[in-house]
Structure formats: C-alpha cells, structure tokens
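In the two complexes that follow, chain A is the common piece, with chain B as its partner first and chain C second.
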Partner chain A sequence: MRRSVSIAGLAAALLLGTLGFGTGQKSYVASAQEKTSTMEVKIDNFSFGPVELTVPVGTTVTWTNRDDIPHTVVSTDKVFKSKVLDTDEKFSYTFSKAATYPYFCSIHPKMTGKVIVQ
Partner chain B sequence: MSEKKKDELLHDHNNDGVNRRGFLKCMAWAGTGALCVMQGGVLKSYSLSRLSELNTAEAKGELSFVQISDSHMGFNKPANPDVAGTLKAAVDKINGLTAAPEFMLHTGDISHLSKPEEFDTVDQILKSAKPKDVFYVPGEHDVLNDDGKQFLERYGKGSKGAGWYSFDKKGVHFMGLVNVMNLKAGGLGTLGHEQLEWMEDDVKHLKHSTPIVVFAHIPLWSVYPEWGWGTDDSAQALAYLKKFGSVTVLNGHIHQTMQKVEGNVTFHTAASTAFPQPQPGKADSPGPMKVPAEQLRSVLGITDVNYVQGQHALAVVDSSLA
Partner chain C sequence: MHPFDIKTVVFAKHAQHVVLIHFPIALFIIGVLFDFLAQWKTQRLLAAAAYYNLLVAAIATIPVVLTGILAWQWELEGQKLKGILLMHLVMGCVSSVLIWVVWLIHRRTRRKQEEVLPGYRLPIEAVAVVIVTLTGHLGGFLSGVNGPG
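Up next, the complex of A and B:
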C-alpha cells in the first residue's frame, strides 16, 4: 500500500515531506547515514511524537511517557505490547523486519502512531 | 423559599414536575451544596445548611444512594498529591448526609495503576462510610496489565463476562456495565457484542414503568469523542432501554459533572474524588488539571441520587468536597 522510500534517499524523503507525504502529520525519517540504532518516541499530552517514524531494519525504538497519566504502547497487529508506563517510564522494541507497524495506547485508544521499518 | 415562584416550571414534558430548566436551576445549586428531592411531582431543592430542618423521609424519598468515581488511588502528581485524603473527605461528606444513602456506586478508576495496594487503600477508606454496600464497575485504570483479572477477583463476584451485572432495589433496576475492555485503536469505549446481548435479555421481561439506572465508567453519550469521551456502541445499548419511562445513566471518567437530558434518558457524569480534568477541548489534552490547592476540593465531589416512587426522573445532585 505504502510506496517504499529508499533509505539512502534522505533528499527524496524531504521532497516527499514537502509534497505532504504523511498526510500532514509529524513524521521523521531516519537515514542510513545516521547509523542510528536507537530512536525515541515521546508521549506528551496524550499523543505520540513523532506520530510516524521511519527507521532502518534493526532499529530499537524507545517510547517515554512524559504525561502525568499512564499510557501503553501496543501494536495493533499484536507484534509488541508494553506493560503500563507510568510517568517517565520507558518501553523499547527492536524492529528486525521491514514492515509498517501501527500502534496505539490501549488505555486511551484515540492515541495512535506508526513505525515504518525499511 | 422566596425564590420558589421564579423556579416554577415552564415546560413539563414528562409530566413529573421537572423540566430541563428547572432541573438545571437545581443543579446550579449543587456547587454550593444542595439536595434535590422529587416529591409529589415537584422537584424541591434545599440548601445543605437547611438539611437538619428536614425530616428523613422528606430528604430521602424511597431510595437514596451515592455515586463516587475516579478515586485514582496511587496518583501522586501535583494535581493532587493526597488522593487518599480527598477520598476520605468524600466519605465524610457521605456520612454527613442527613438521610444516609442505602449504598454506593463506584463508577471506576478506583486505582491509578491497578496495584493491589491501591485497591486495598480504597477498600480500607470506604469501610468508614455509613453505606456498607458498594457496587463497582471498572475504569481503564483498574484493568491494566491483566485484562481485569484482579478487578474481577476483588469486585466481580456473581458478575458476567468482564464484570457486568444487574440488581434491583425498591423497584429500581440497576445495571452495571463494563466499557473499558478490548478497546480498539482509534476508537472509544466499547461494550461489545456479548454484553449487549446480555443487556437485551436482562431488560426483556421488565415492565416499561420500571425505573432504570445504568452505570458505567466511560460516558455512554458522546461528550467529546476527540478525547475518547464516549462509547462506540452505546446507541445499541440505549436502544434496548427506549421502552422505559425513566432511564438514568451515571458515568465517571471525565472528572467533571455534566448532564444531558434526552427524552426519558438523563445522562450524568460525576466529579472525581482525586483530580479535575479540563472541559472538553479547553486544553491540549484531557490530562490532570492543576488548580490552586485551596480550590482543589471545590472541583472534586460526590453525587447523591434520590428516587421517589411514581415519579419519572431520579434527582441527581452533585456536592463538592469543599
């Protein structure tokens, strides 16, 4: 469904961003050049930030709850599921397979996000 | 009661002496402490300071009970560092009511993180309340990590499914519903097919004149879906209750009092005993709202409900803890 974006093509990603790729939602594309193996998602004000994250295979994503209310990070397709995260607690998951992983907070299901692994 | 003339009802669709305006007028008293009782077709309101002048029957009607909600035991953030203290204040308020309520409803989020010690603390504090029976439904904070197993073990004796049940008191039919389980990404609260089927069956044989009280954690009306303040399949549940002349729906979850009257259905949300939340859309998120310490108890509260036989609507009264 989703077009595959060359991980080397940061410029292409930026271009897509300019064209409104990601339907205007905040997104972040990690390029292979960064050699980052860890990415962060912050939970603030009942939302995941960035709401959409694109990472290379092998990346570990860490979510941190910065709200005064507990949240969870649960894959819609049941790939990963955190315990409840109280304030400042973290959950990490390492993505070893390329796919799109939609997720949500099972306590506040209006909170949704997505990790795209390429 | 020199104000009485001004409070006379202009429209009385239910023929029960209560119209929306009259009710809201009465509700407006609540913040300063008032008790409303239905009697002889007329809704009467009394300032709490005058309660001692009333005899018990007058203050109570046929059935009186109290709703408390959202204790969030274990919460310790700036919005309220002492949720045990404010729950105790709620119990004091209940024990101070002239007509002792017969029982209590707790509409969920008993605990903040589903920890055993949080439930234990609430149980301990509620032991000092005069009403000994407490009927619970879970909030989403009560079923974390274990799909509600602990909640069911503690509070779900004799319940069905995820903890729903019904009971009768003095001719009023009560239904405790669970709408915090199996929530779907992007969705609201949900009752689910199994519970809806049970509901339909549960009310099938009741007379249309039976007053119905439904209580659940997340509002069963669309308060503010953007913040998840609603229940996806509540319309189906309410459809089963259409035939009844008097339906009162009591919810928590949104940590503020709100009311809506739709035909014969009165929807009401109770204040939290722990911390307030912002009005719909009035903040970046529905997170805990910090108010000056001296104002905190004025935005927390309990809800007192009175039923007088032969009248359509139950009188629902909010009192702050201030």
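Up next, the complex of A and C:
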C-alpha cells in the first residue's frame, strides 16, 4: 500500500514536473516570438525608416505614416500593397517566407525600402 | 521595369502627369496675362497671342487629366480618395473646365467676328488663375517637390 502510494506520488510529481517544464518552454517560445513578432517602419519626410529591415520569418512589419502627406507601401514584386495612408495611418504585413522584399511608395516612386526576411 | 510597358512608361519612376502639368499651367497663366495686356493696351496682336496660348493650354489639359486619372486607377487601384488627393482631383477637374470655358469665350467672340471680348471673362480668368495655382500648389505638395533629393 505504502509502495503504491509512493509510486503514485512519484508519477504525480513527474507529471507535474513535465507539465511545468512544458509550460516553461511554451512561455519561452512565446516571449521569443513577442520579441520578433512586430517591427515598425516609420514613413517621414519622404523616406522609409529604417530603409532596410532584417527580420525573422513570421514577423509582422507595420508601416506608420508620420508625414503630412499621403504615402503608400507597395512591394516591387506585388507581394503586398497598402491603401493610401494618410497621416498616422498604418499598414501591416506578415512575412511568412524568407526572401528579400523591396518596396516603394507608388505616389513617390523615389521612396524605396527593403525588408529582408531570414 | 520594362521600357515598353505602358504602365511603366506612364507611371513607375517616370510619372508623366507631373511633367505634363507644367504645360497647361504655364500656357494658361501667360494666356491670361496676354489677354489682360491686350485689354489694357488694346492691341490685336496681344489678343491673338492670348487666344493661341489659351487654345494650347486647353488642349494640354487633356493628357494631364488623363494621366492623373490613370495614375489614380492604376497606381492607387481607384480607391476612394480623401484629403489632399481628393482636393487635388476636384480642383484639377475644376481648373480644366475653367481653362476650356475661358478659351470657349474667346473662340465664340472670334467666330462671331466681334471686335470686343466680353468684360465678364476677366474675373473668370482671374478666378481660374487662382484655382489653377492652388491646384498646382497641392500637386507640388503631393509630388514632394519640397522633400529631400
């Protein structure tokens, strides 16, 4: 009886330990994802900042127009395309494939940027 | 970027609208200036110069409006405009109509072989110059002439 109780206790401890470890792992992954899940690109004074951004796969990049005039964010390879962004409006895109994504503003084609997804 | 693709030729990194727009603006303002001078100096030669400047200005509005609307439809996929872009579109259309109206007033007088142009054209021309200038200012603001590079 005492032996079976101690075996049950050991099993429970192992189970709890495993669960605890699993939870710990999950939260580690989540915090790692949180660190890299969103990146910001600021549009200001007719330029994207940073001009070149390197991010891991799965990252969501958000462009925010801080300029007084409207801009767009258009992928050169037609992967993504925003609507016209007025002041303080945002556009987000999640990069699910590793590649280099050059983009520009279709109203001001001299404005260019690049997202490198690794 | 293909050099013979129509969208590339008209828009990407080679926007024709911002190039062509200078022609009707310059021709119209100079045409109005000649007309005011013709009125003041009572010279036929200045009146003729005004007429032909206004004629070419009116014709030049066609490709400008066309490239502007195509840029809206192709580059911005015809999305509902707001703010400065909408203001620029509306004022651009009003400006074009006013340029044509001014030229038609001149044309009607010439066709009727009347000696004197109607006096009411002068305030219309003055208002048209103001609207054309404001539209050009908005266009310059949008195109980023004040921006870096």
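Everything that follows uses one rule, which is that the second predicted complex is superposed on the first by the 83 of 118 C-alpha atoms of A that agree within 3 Å, B and C clash if a C-alpha of one lies under 4 Å from a C-alpha of the other, contacts with A are read in each partner's own complex, and residues count from 1 in each chain.
What we mean here is this: a contact is a pair of C-beta atoms (placed from the backbone, for glycine too) under 8 Å apart; a residue touches a chain by one contact, two chains touch by 3 or more.
All values derive from a computational prediction rather than experimental measurement.
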Chain B and chain C placed together on chain A: clash or fit? clash
Winner on chain A touched-residue count between chain B and chain C: chain B
*Could you say whether A:V51 touches chain B, chain C, both of them, or neither, answering first, second, both or neither?*
neither
Next item on the list: Based on the superposed arrangement, let me know which partner A:H108 touches: chain B (first), chain C (second), both, or neither?
Entry: both
Quiz item: Which of the two partners, first being chain B and second being chain C, lies in contact with A:V79: first, second, both, or neither?
Solution: neither
Clash list for chain B against chain C, restricted to 7-15, 25-33 or 61-69, contains only 61-69
Check: chain A residues flagged as touching chain B and also chain C 45-47, 69-70, 72, 83-84, 86, 106-110
So, in the complex, the side of chain B touching chain A is made of residues 77-79, 112-114, 140-141, 144-145, 183-188, 225-228, 284-288
Contacts from chain C onto chain A in the complex sit at residues 11-13, 15, 75-77, 79, 81-85, 141-144, 147-149
Within the complex, chain C is touched by chain A residues 45-47, 69-70, 72, 81, 83-84, 86, 106-110
Interface with chain B, chain A side, in the complex: residues 45-47, 67-70, 72, 76, 83-84, 86-87, 102-104, 106-110, 112
